[in-house]
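Supplied in C-alpha cells, the structure appears directly below.
Chain IDs A, B, C, D, E and F follow the sequence of writing; residue 1 opens each chain.
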Amino acid sequence: METHLRKRLDIIVEAPLQRRVTEVLEAKGVRGYTVLRCLAGKGHGGVWQEGEISSAGAMRMIVSIMPETQARQVLEELQSLLGDYAAIATLSDVEVLRGEHF
Amino acid sequence: MADPFSLALDGLLSPIILFFALGFAASLLRSDLAVPEAVGKAMALYLMLAIGFKGGAELNKQGIDWTTAGLLGAGIVLSFVIPLVAYAILRAFTGLRQADAAAVAAHYGSISVVTFVAATEFLSLMGLSFDGVMVAVMAVMETPAIVSGIWLARRGSAAAGARRRAALDRDLLREIFLNGSVVLLIGAFVIGWITGPRGLETIAPFVVAPFKGVLCLFLLDMGLVAAARLRAARELSLRLVAFGLVMPLLGAAFGFAAGLLLGLGTAEMALLAVLCGSASYIAVPASMRLAVPEASPGIYLTLALAITFPFNLTLGIPLYFALAGLLSGS
Amino acid sequence: MADPFSLALDGLLSPIILFFALGFAASLLRSDLAVPEAVGKAMALYLMLAIGFKGGAELNKQGIDWTTAGLLGAGIVLSFVIPLVAYAILRAFTGLRQADAAAVAAHYGSISVVTFVAATEFLSLMGLSFDGVMVAVMAVMETPAIVSGIWLARRGSAAAGARRRAALDRDLLREIFLNGSVVLLIGAFVIGWITGPRGLETIAPFVVAPFKGVLCLFLLDMGLVAAARLRAARELSLRLVAFGLVMPLLGAAFGFAAGLLLGLGTAEMALLAVLCGSASYIAVPASMRLAVPEASPGIYLTLALAITFPFNLTLGIPLYFALAGLLSGS
Amino acid sequence: MADPFSLALDGLLSPIILFFALGFAASLLRSDLAVPEAVGKAMALYLMLAIGFKGGAELNKQGIDWTTAGLLGAGIVLSFVIPLVAYAILRAFTGLRQADAAAVAAHYGSISVVTFVAATEFLSLMGLSFDGVMVAVMAVMETPAIVSGIWLARRGSAAAGARRRAALDRDLLREIFLNGSVVLLIGAFVIGWITGPRGLETIAPFVVAPFKGVLCLFLLDMGLVAAARLRAARELSLRLVAFGLVMPLLGAAFGFAAGLLLGLGTAEMALLAVLCGSASYIAVPASMRLAVPEASPGIYLTLALAITFPFNLTLGIPLYFALAGLLSGS
Amino acid sequence: METHLRKRLDIIVEAPLQRRVTEVLEAKGVRGYTVLRCLAGKGHGGVWQEGEISSAGAMRMIVSIMPETQARQVLEELQSLLGDYAAIATLSDVEVLRGEHF
Amino acid sequence: METHLRKRLDIIVEAPLQRRVTEVLEAKGVRGYTVLRCLAGKGHGGVWQEGEISSAGAMRMIVSIMPETQARQVLEELQSLLGDYAAIATLSDVEVLRGEHF
C-alpha cells in the first residue's frame, strides 16, 4: 500500500479570526481543512475558558493537510495576518493514502 | 411610588440578584459549578428574542410619535459620543495605551442587554410599565459605539494605517453591523411590532411567563463568568477599577440630560440612563478583537463584565431609578 | 370558516413564519447569528416529544375506529409509493443519476415533523382541532420511504451488488428502523395514549403552553440553516428547484386522493396532504449517507431544507388547507 | 389515603416513569436517540435550582423548629454511617477489593437528587405536601458519605499512604465540599428561603409549572444513560446486582428508624427513606475518580445508575411510601 | 525514560460512519481510540458546518495510537470501507511511554 | 522562512484530572496548552461516551507545544501522576515559527 508524504498544519486561533484564516487557506489553494472547538487553554495572554457569553474569547483549532510547499506559503501568509492575535501554528509530517486528494 | 431605599433593598434581595451573587460566590470559592456554553448562549438568545418581541408588541399598542424619533436619535448620538468621553478619561487618568483605551471606550458607549432586562424587572417591581420603543433604543445603541471605538483606535496612526485600513474587511463590517445579537434584537422587535399584542398572546407562555426564571439561571451563569474574569484579572489597576465604577454614573448622567431634554417620564429616563451607564460584553468584544487586536480583552472584558455589570446590577439600577424619579418630577 | 386568503395572510404574518424569515434573512446577509447545535437538537426533541404526546393523549380521548386503521395503512402505502413517483420524475426531467434520484425520492416519501407542526398551528389559527391519530400516521410514514429509496438506488446494479448488500448491516438497519426521531415520536405517542388527558394535564405547562414560542426559536434556527444550505448550493439546477416546488404539490395530491377515499374531514385531509407533500431532513439523510453514499447530500438536503420546506411553510400549508376545505366539502 | 397498590400502579404509569422506560428501551434496542450532553447538564441544573428554591420557599412559610435541626443532624449522621454498612456488606458478600467497595459505599451513603424529585412527584400524586427542610436534608447528605468513602478506601494502607495523602489536594477538597450540585442546591435553597413564597411566585412559571415536563425529558435521558451503562457492564457479578437491589432497602430501613426516632410524618419519613435508599451519580463519582482512582467507575456508576436508580424509581418509591404510611401510623 | 515508537492514525469521517470505523479498529485488534467532534470544515464535497438539525452532515475526528504494522492494516481496510464517503485519514509518528498499552 | 523544532505533547485524560495535569505543565514552566473536549472513546477501561449526567466519565485532550527537554520532564512527571487513571500521552515532532513563544 503506497502512501504519500504531506504536511499537517495545526492552527489554534481566536474564534473571530476563523473566517480570515480559512480565507487564507482557500486563497492559497488548500483543498480542505477541519475546524475543532477548543474548551480551555493558556498562553501568553493568560488563561481562557469556554463559556463566556460572548464568543470573542473562545479558540478554534484548524487542522489542514497539504503539500509541504503549500504549507510553508500558508504559514508565511498567516504570520503577517496573525501578528497581533492570540494564535499559534505548528507543522508536522503525515502520510496519506490518496495523494491527489490533498 | 414606594420609598426608593426599601425598593432598592427589595431589588437586592430579589431572586435575580441573589442568583448572580450565588454564581459569583461559587466561582470565587472555585466550585466546579458551571453552565454549559451552549445553554448560556441559548439563554442569551432567549432573553434577546423575548425582550425584543415584547418591546415591539408594546410599541404596536402605543403607537409612534415624535418622542419615539427623538429617543432613537438620542440613543444613536449618545452611543457615538459616550466613547469619546470615556476615551478622554481613560487617557487622562488611567494611563491605558491608545488601543486599549479606545476598545474600553467602545464597550461603554454600547449597551448591556442583561442590565437593561434587569432594570425592566426592577420597573415591574415598582409597578411601572415602559414605552416599548426603549427596546429599539437599546438596539440602535449597540453599534455606533463600535464605530467610534475603531476610529479612536486608528486615528493618528498613519504609519500602520495602510495595513489596518485593509483589515476593515467584510468580516469586520459584518461583525459590526450584522452582529447576531443586534439582528435578533431588532428582528424580534419588528416581529413583535408586526404581530402586536395578539402575537404576543400566542407566545406569552414562552416569552413572558418563564422570563424571570430564565433570567435567574442566566444571572447565575453571569455571576460565574464575572467572578472567573475577576480571578484571572492581571491587568486591572486600581484606577481602572475606579473607572469601571465611575463611568456608569457618568454615562447615566448623559442619559439623564438627554431624558430631560426630551421630557421623558421616570421609567423611560431611568432606562435611558441604564443603557448609557451599562457596558457591552456580547456584541462589542468580537468586533474589537477583529478591529483592534492590539487591545487586550483582559482589560475591556474584565471591566465590563466583572466591575461595571455587577455595580449596575446591584447599586446602579436602584440609583438611576431614584434619580429619574427626582428629575422627572414624578 | 374564514376566507382562506385572509387566513393565509394571517398565517404568513404569524410569529412562527416571521421568525423563519428572520433567520433566513440573517443568514443570507451573513450575520453571525447562530443557535448552538445542542439547543437546536434539544428543540427538535422537544417538538417531537410534545407533538407525539399530545397526539397520543388526543387519541386516548377519541378512541380508535376503522378510519384510524385506514389512515395508518394509507400512510404506510403512500410513504412506499411516493418515492417511486418522485424517482420517475427526477430521472425523466432532471438528469439526476440513479443514486441521487433515489436518495432525493426517499426524502419526499418521508415526512417533515416541523412542517406538520406548523400545519397544526395553522389549524388552531382556523379554530379547528384534528384527530390525534394523524401524529401516528406521521410516525409510520417516516420509514417506508427509506426502504423504497434504498431499493431504487440498488436495483439493477448487480455488479456492485455484492459489496453493497453486505453494507446493509446492523448499523443501517438500526438507523432505518430505530432512528431516534421515529422512536421518540412513537414512544411519546404511546405514552400520551396510555396516560391520556390526565397525563397531558400534568405536563401541559411544558408540552402545550410554551410550544408555539419554542417553535418560533426553532424556526429561527431552521431559517438560518435553510439559507446556509442555499448559499452553499452548487449542485442545484433550475430543474431541480422546479422539482422541489412541484413535488410537494404532487405529493399533496396523493394525500388528497387518499383522503377522499377514506372520507376524511378538512383537518385530517389537509394534514395528510401536508405529510405527503413535505420532505424529511431529520430521519432520512443519515440513512441515505449510510445506504447510498454515492448520492450527494448537497442535492437532497438542499432540496428538502432550502426549497421544499420554505415553500410548504409559507405557501403550501394555506393552499393545502384551502383545497382540503373544498374537497371535503365543508 | 388511597390504596397503595393502585397508587403504585398509577405511579408506574405516570409519564415520568414511562419516559424513563422509553429511554431505557431505546438504548437497549440501540436506537441512536440521544439527548445532547449540554442539555442533559442544563436539565440537571434546572431540577436542582427548582427543587432547592421550592424547598427554601416552603421552609420560609413553615418556619424552623427542633425537628428541623434533628432532621439535618440525622441526615448528616446517616450519610456518614450508611457507607460503613454498605462497605461491610460489599466486603463480606461480593468480593470487591477495598478501593472498589469503598467507592461503591460512598455512592450509597450519598443521595440521588432525581430519585428525590421523583418521590416528591409521587407525593403530589398522593395529594400530600412535605416539609421544605427535606431539601436541605438532601443537600447536607451529599457530602459526608464521600468523606467516609475516602477514609474506607485509605485506612490501613500505610504503605501507599504517603503518596495518597499528598493527593488529598485542593482540587479534591473543592470537588468534595464545593461540588457544583451541592452549591447550587444549597444556594437555591437559601435564596428560596430568603425570598419566600413571594419570590417563588415571581419565578413559579419557570420552576414550578414546567417542572414535571422537564423531568420527563430528563428521565428519558436517564433511561438512555442507564441502559447504556448496563450494556457496557462487564464487571457486574450477580452478587453485585443483588447488592444494588438490597442496599436501597437497607438504606431505607435506616431512614425509617431515624424517622421513627424523630417522630416524622408519612411524607417526611418516606422522603428520608428515599434519600437513604438512593445512590448518588452526580456529585460522588467525580470525587471518587480523584480520591480513589484504583476503584473502577464501571462498578460504582453502573450500580448506582443502572441498578439502584431504576429500582428505586419504579418499585422503591411506592414501597417506601407504603411502609412510611404504616410506620407513621397515618 | 524509555519511550516507544507508535503510529497515530487520524481519521476524519462523517458522523453516521463513526460506528463502522470503530468496528474496523476493533476487528483489527486496536487497543483504544478517541473520538472528537468537529465544528466545520471544507473538502472536495464543499463546505460544511455543525448545526443542521440532522447530524448526517457532521464530521468526527477519530484518533488512535497503535503499532505501525497494525496501522497500515487498518488503513488498508478503511480505504475500501470509506471509498464513497467524505473521509480522510493520516498517519504520523508518535512516541509513547507504556509500549504495552498500545 | 525559518522554523524551529519543538515537541507536541498530547495528553488524553479523564476530565476530573484536567486541573492536575495543567498544574504539572505550569509547574514545569510550559508556556501554553489547549484543552479539547472528547466525545467518545475506548481503552483498557472499556468504552465510554459523553452524555452521562456526571462529567466524571468524560475525557479531555490536552495539547501542548514545548521544547524537547521540557517535554520529557513533563512526561516523566505525568507518568507518576497518572498511574492509576485512565490516560494516555504521546509525543511528536512539530515545526513552529516563533521559537521564543514556546
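Convention: a residue touches a chain if its C-beta (ideal position, glycine included) is under 8 Å from a C-beta of that chain, and two chains touch if they have at least 3 such contacts.
For clarity, every value in this text was computed on a predicted model and none was experimentally measured.
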According to the touch definition, list the chains common to the neighbour sets of chain A and chain B.
none
For chain C, which other chain has the most distant CA centre?
F
When the contacting C-beta pairs are counted for B-C and for A-F, which pair yields the higher total?
B-C
Centroid comparison with chain E (C-alpha atoms), farthest chain
B
Rounded to the nearest whole Å, what is the centre-to-centre distance of chain D and chain E, using the mean of the C-alpha atoms as each centre?
39
Centroid of chain E to centroid of chain F, CA atoms only: how many Å?
19
Chain D and chain F have mean C-alpha positions lying a whole-number Å distance apart equal to 34
Give the residues of chain C that touch two or more other chains, as numbers and ranges in rising order.
34-39, 41, 175, 205, 209-210, 286
Going by residue number, chain F touches two or more other chains at 36-37, 92-93
Pairwise touch list, complete, is A-B, A-E, A-F, B-C, B-D, C-D, C-E, D-F, E-F
Touching chain A in the complex, chain E uses residues 10, 12, 36-44, 59, 61, 72, 75-76, 79, 88-93
Under the definition above, what is the set of chain C residues touching chain E in their complex?
34-37, 40-41, 44, 169, 171, 175, 221-222, 224-225, 228-229, 232, 234, 281-283, 285-286, 288-290, 293-294, 296-298, 301, 305
Inside the complex, what are the residues of chain B that reach chain D?
13-15, 18-19, 22, 25-26, 29-39, 205, 209-210, 212-214, 216-217, 220
Could you list, by residue number, the parts of chain A that touch chain B in their complex?
14-17, 19-20, 45-47, 49-57, 84-85
Interfacial residue positions of chain B with respect to chain C in the complex
36-39, 41-42, 45-46, 49, 53, 174-175, 178-181, 183-184, 187-188, 191, 194-195, 199, 202-207, 209-210, 286
